[in-house]
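Same chain, two partners: subunit A is paired with subunit B first, then with subunit C.
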Partner chain A sequence: MQRLNQIFTKQSTYVPILAIILGLIVGAIVMWMGGFNPFEAYKAMLVKIFGTTYDFGEAIRQVTPLIFTGLSVAFAFRAGLFNIGAEGQFIMGMTAATWVGINTDLPWFIHLPLAVLAGGLAGAIWSGLAGWLKASRGINEVISTIMLNWIAYYFANFMVRVVMIEKGQNRSQDVLPSASASIDWLSALMDNARVHWGTVIALLCSGIFYYILWKTRQGYELRASGHNADAAFYAGINVKGSIVKAMMISGAFAGLGGAFEILGVFKSMAVMNAQPGYGFDGIAVSLLGGNNPFGIVFGAILFGFLSYGSQGMNFELEVPNEIIRIVIGSVIFFVASHGIVKWFLKPFFKKRREEKKGAA
Partner chain B sequence: MEQRPIVAELKGITKRFPGIVANDNISLQLRKGEIHALLGENGAGKSTLMNILFGLYQPDEGHIEINGSPVVIDGAGKAIELRIGMVHQHFKLVKPFTVAENIILGNEPTKGATIDIKSANERVKQISEQYGLKVDPRVKIEDITVGMQQRVEILKTLYRGADILIFDEPTAVLTVQEIEELIVILRNLAREGKSIILITHKLKEIMEIADTCTVIRRGKVIGSVSVKESNERQLAEMMVGRSVSFQVDKQKSKPGKPVLEVKDLVVPGEHGKPVVDHVTFDIRAGEVFGIAGVDGNGQTQLIEAITGMRKASGGSVKVLGKELLGTSVRTVTEAGVSHIPEDRHKHGLVLDFSVSENMVLNNYYKEPFTHKGLLNYKAMDENAKKLAEQFDVRMSGIHTEARSLSGGNQQKAIIARELTRDPELIIAVQPTRGLDVGAIEFVHKQLIEARNAGKAVLLVSFELEELYGLSDRLAVIYEGRFMGQMEADEKNEEQIGLMMAGNAMGAAAGHTG
Partner chain C sequence: MDLLAQLINTTLVFSTALILAALGGIFSERSGVVNIGLEGLMIVGAFSAAVFTYFSSEWGFGGGSPWFGLLMAVVCGVVFSLLHAVASITLKANQVIIGVVINILALGATIYLVKSLFDGQGQSENLTGIAFTKWNIPVLSDIPFIGEALFKAYPTTYICYVLVFLSWFVLYRTRFGLRLRAVGEHPGAADTVGISVTKYRYIGVMLSGAFAGLGGAAISLTTTYDFSHTTISGQGFIAIAAIIFGRWHPIGAAGAALFFGFAQALRFQAQLFEWSKAIPNEFLYMLPYVLTLLLLAFAAGKNRAPAAAGEPYDPGKR
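Now for the complex of A and B:
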């Protein structure tokens, strides 16, 4: 109990919680001004997420790719790199997994892992390219990854439209059942919600993230290069190698996310009208999670649940999508800007300090 | 002593931080037109006290009186209002702006909707002349020297009407020449009736310019003395709490086998002219080799080339007979070279890492710190605890970020790490920069001990006294070339001075007289 109390009075715990509440309050004000009942709307949101097993499973499905891309962005960030390219790496992961899923006919215990690995590898290579450009030529990774996003996007559409097309459709052929990552028994229990193994792997990846960075020698080098490349160089660390490695690991996370989105959810790849945005949401998620692997899981849950639950507000109360985005945006805004939350808290702290003083 | 009016008085100031009492019931009186030195070891609480006076911290107990009336200084704005100005150790200037633009920043004179830069220039020029600062208001900050930038900071406080000026270790960043100029400026300011608080741990400067000196040790006032009635030794003892020896005890060296052999080393510069130009020297085991010279004559590049951090275009660098030029930093380290770098924030430490992690910065990959590719935090912590104790690194714990240590303790941490790696060659660049006398004495002792234990030491320093005190042999570098090598002896002082100004060894003899 003492311990529990400690956890809840720790700033790193209650600040995010308060931030969410503040965000919801601002969202409520916006909805109220727009002529909607915020209580009804939030109720609709909660019902949408937790109301049925199907919805709950689908909400988890929404969360999963965000964990992957959040980890991707955060890992690069920990090594001092700003990977804007999780989007492109995610798309490359989708494409590679689709191709392997369609074109190889193998028993499932080889086929599925192979397709997943292909996705991870494609993401790793794609980001490794940006890492290599930075290490060897000093090209800023922000610019190169943004460009690589576009290349990945058009390349993927080309692959779907020309190489993997399902005749008469605007999507690729279906991946073979042997490459499916769905958890069929759980899916059956949850009213056919598209739950898949990717969620388990995503959680595993957040553990791997932590393990690599804080438990291995490699991680020490990556963190040292990230915090102070000059000191890392002075210490004899191969800084350029670290850049490439960090980018590749980062891209692998995003690529895995892409692979599972195909193998676990859609089973085929549609022609995209725009970049799907998983990678960009990943930036927000990594920010929400404070670049901490476990924080990111919570960040992804928050982000994913809000976006999924907001469909309920739209459906039940016809709250327009724009207002829903404002609600989501304000929650993220408050979580991301700890300073503001602490400012709100200041009067409370002052009181508490004075009480302490009085007692002493 | 004449009794000039008291302009500022701190009464019973106490400031606590988690785990430490930074200021413990400190009282201090500042009189008009006085230069009041605040002396104390690294981390004694000087800066905390001044940050309280400047309104950046609030004291937990005690209060401040300005011109006899109690005040609450709750921010830098309030401090400026009370005519208190602070010249920080790290300047707060906008580099692409001109001097005048920087000075008026936040308090711009306007003419209609535009900034009246002309009258600003005039005003800056006028103040500059009044105090003998000689600053051109129209040049850009990025184009002027560090010493000039400091004067801009001084001007900034004067422009805002400061009567009390706080200087936080103002000489730490200056060259010898600039220090002398600063001293003249400080005297001018005092003569014009400004009251000056000078935070420092350099005894010489205090003896030279301060009227009063208040000594702080571990957050407490040890005493306030009139400088005239005191001496360096007494101040040093008050500061450190024990008697300090200024002389380094050392026997004559017994040089052994050559450890470092540098031959015809050339490092290309940016504009074609080499920054290190055919430098040749060697250092034997059990010997300290000093490199003297004015900052910026190729010392940095020479050291970087030897340690593998910079590419050389020709020559040879051998450690114990093994050619190292063109290999990697790691190879050089593995060959038994320790390096106390010139810039501790840029190269010496990862400031966001814990002290424990920093203590293994260049041997983290070795047993026992890494075991089968995995980090062994327990071994790292034990190592850090041991080194911190051995080298008296003061901090709230080995898991605190290196960033939160005071400058002197950061330096001690680096020295601890580099000296305990059992190197063959120790390269020490400005190893005592920013340290107080107690710590300097300690570092010097450690270097001499290493030398006595048969290590070779390469020492680069801008302080001649340090070079004389520690080195067995000396070389003088000027524009990337060695002007000559000789025994380190005070007798050579004049010659060394000439060589530092660019006269070669033979020619120098002719110039004396």
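Now for the complex of A and C:
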């Protein structure tokens, strides 16, 4: 009981929870000012997420890529790198997986893993490029990954529009069924919600994330380089190698996310009008989760559920979807500036302290 | 010859917003506050300019309406940047995180407002005929070639170059600039001699809001003529690239932004030629980014950010 109590009074736990509540309050105020009833809106949101098994499955689908990109950004963060490029790595993962999914004809137990690995590898190469540029040419990874995002975006559109096009459509050919990552029996149980193995792999990846960083020598070196590159260098750690390695693992996560988005959900790749945004949302998720693999899973669930649920708010009450971005932005704001949260809690703690004094 | 003049002219148009945002970022980073939120501040500026220009022309401001829009873009940019300032300076939050928050909130809030103001539409009303038109500077614009290239541009472009010079002057030739840079290099030392770190950092961040707001306005008032979720797509980040490339110096950053604008202009002009039809569009669009990356890889030297950029100032650690 004491232990439980400790967990709930630890700052690391109550700050995010309070931040979420405060964020929802900010959202409510904005909706109220816009002439919407916030209670009705949040109710519509919950109904949209948990109302039917189909919606619940789709909400989980929405969460999955966010776990991948969240892990991707966080892994780089842990090694002292800011990977804004999860977006581009995600796109490269989508493209590679689609290409393998269309162009190779193999039994499913080879085809699917091959397509998934191709996605992960494409992401790893793409981010490895940024890592290499940083290690060898000293280019800030923030700039190089932004440029690589756009290059990936146009390259992917070229691949879809010219190389993999389905005639008369604005998308690629369909991925062969042998490369499908859908869980068909579960999908059938959930009214054809697009659930897929990617979710399971995403959870596995969060375990791998933990294992690499905290249970291996390599992970120790990555974290050390991230903490203090000079100290790590003098301790004999290959800092430059660590940069490339960290970026590649980070990109692999994002690439896997992209691969599953195609193989599990869409089965073909559309010509994009804008960057899909999962990579940028991954930054938000990793911040929400405090760059901790299990926190990221929760962050992704929160982010994914809220954005899926916002469709319900839009449909029922015509609240613009963007309200959820305001909520999420505020949540991260409150998490980051926990000074505010503590300030809100001050009267509460003061009282408790006085009680303690009284008891003693 | 005519073509070259056009190329230069288009370069000016494309680089204006980037230069403005980069100048803002320089003030903020020189004072020791990393501002990843430039993108968001530009979004706020582009939005306010588009909306206020539209409504002020509805209210009968006539030719003054884009100027009113421009002013409001600066005001709203500053107000929004205060969020960054309060969180990252007063509450000592992580500056990168707050920058990301600014980006998320800016896009969310502006599109939310656009949908509320314009009956659920995803973009604001078109401003053709209301927004800025190109100015032909008398006499100068009659000079062959140079006139065509340099003196037939939007007012925002002229403002932008005045501001580049002013920023350089303020940063390197005034007491204010010296102090601002001192706060970003060694806040402890600055504090010891009686310079308020908090005050200068607030000013730095608010200036970044003002400049980035102007930059955003330059896009919605001269290029897109409306505001939607794609109006600002990455320009803020490219401005950050220009800052780093230009080594945190106003003129250096302006040069870097010009280069990026030039790459975009090259793409724009190339599309007018027959032979370019053979190249898939996507590769032309990629050009600016590939060129920037190559230039960074093979031409840039070691970068040096202001020493204290990114760290909240804690007097107790002095």
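The rule we apply is simple: the second predicted complex is superposed on the first by the 344 of 360 C-alpha atoms of A that agree within 3 Å, B and C clash if a C-alpha of one lies under 4 Å from a C-alpha of the other, contacts with A are read in each partner's own complex, and residues count from 1 in each chain.
FYI, a residue touches a chain if its C-beta (ideal position, glycine included) is under 8 Å from a C-beta of that chain, and two chains touch if they have at least 3 such contacts.
Only a predicted model underlies this, so the values are computations on that prediction, with no experimental measurement involved.
Trainee: Using the touch definition from the top, say if A:Gln218 reaches subunit B (first), subunit C (second), both or neither.
Mentor: first
Trainee: Looking at A:Ser172 after the superposition, I want to know if it touches subunit B, subunit C, both of them or none. Which is it: first, second, both, neither?
Mentor: neither
Trainee: Is A:Ile146 contacted by the first partner subunit B, the second partner subunit C, both or neither?
Mentor: Touch partner of A:Ile146: subunit C, not subunit B.
Trainee: For A:Ser180, using the defined touch cut-off, is the partner it touches subunit B, subunit C, both, or neither? Pick first, second, both or neither.
Mentor: In the superposed model, A:Ser180 contacts neither subunit B nor subunit C.
Trainee: Which chain makes contact with more of the residues of subunit A, subunit B or else subunit C?
Mentor: C
Trainee: Where does A:Gly138 make contact in the superposed view: on subunit B (first), on subunit C (second), on both, or on neither?
Mentor: In the superposed model, A:Gly138 contacts subunit C only, not subunit B.
Trainee: Just subunit B (first), just subunit C (second), both, or neither: which does A:Ser310 touch?
Mentor: neither
Trainee: Examine A:Ala231 and indicate which partner it touches, taking first as subunit B and second as subunit C; both and neither are also allowed.
Mentor: first
Trainee: Pick out the shared contact residues on subunit A: the ones touching subunit B in one complex and subunit C in the other.
Mentor: Common to the two interfaces on subunit A: nothing.
Trainee: Considering only the defined contacts, which subunit C positions touch subunit A in the complex?
Mentor: 36, 83, 86-87, 90-94, 96-98, 100-101, 103-105, 107-109, 111-112, 115-116, 120, 229-230, 233-234, 237-238, 240-241, 244-245, 280, 282-283, 285-286, 289-290, 292-293, 296-298, 300, 302-303
Trainee: Mind pulling up the subunit B residues that touch subunit A in the complex?
Mentor: Per the touch definition, subunit B meets subunit A at residues 307, 309, 328-330, 332-333, 339, 341, 346-353, 357, 361-362, 364-365, 370, 373-375.
Trainee: Give the list of subunit A residues in touch with subunit B in this complex.
Mentor: 214-220, 223-224, 227-228, 230-238
Trainee: Can you check the complex and tell me which residues of subunit A touch subunit C?
Mentor: Counting only subunit A, the residues touching subunit C are 30, 34, 82, 84, 133, 137-140, 142-144, 146-151, 154-155, 157-158, 161-162, 273-275, 280, 283-284, 287, 318, 320, 322-326, 328-330, 332-333, 335-340.
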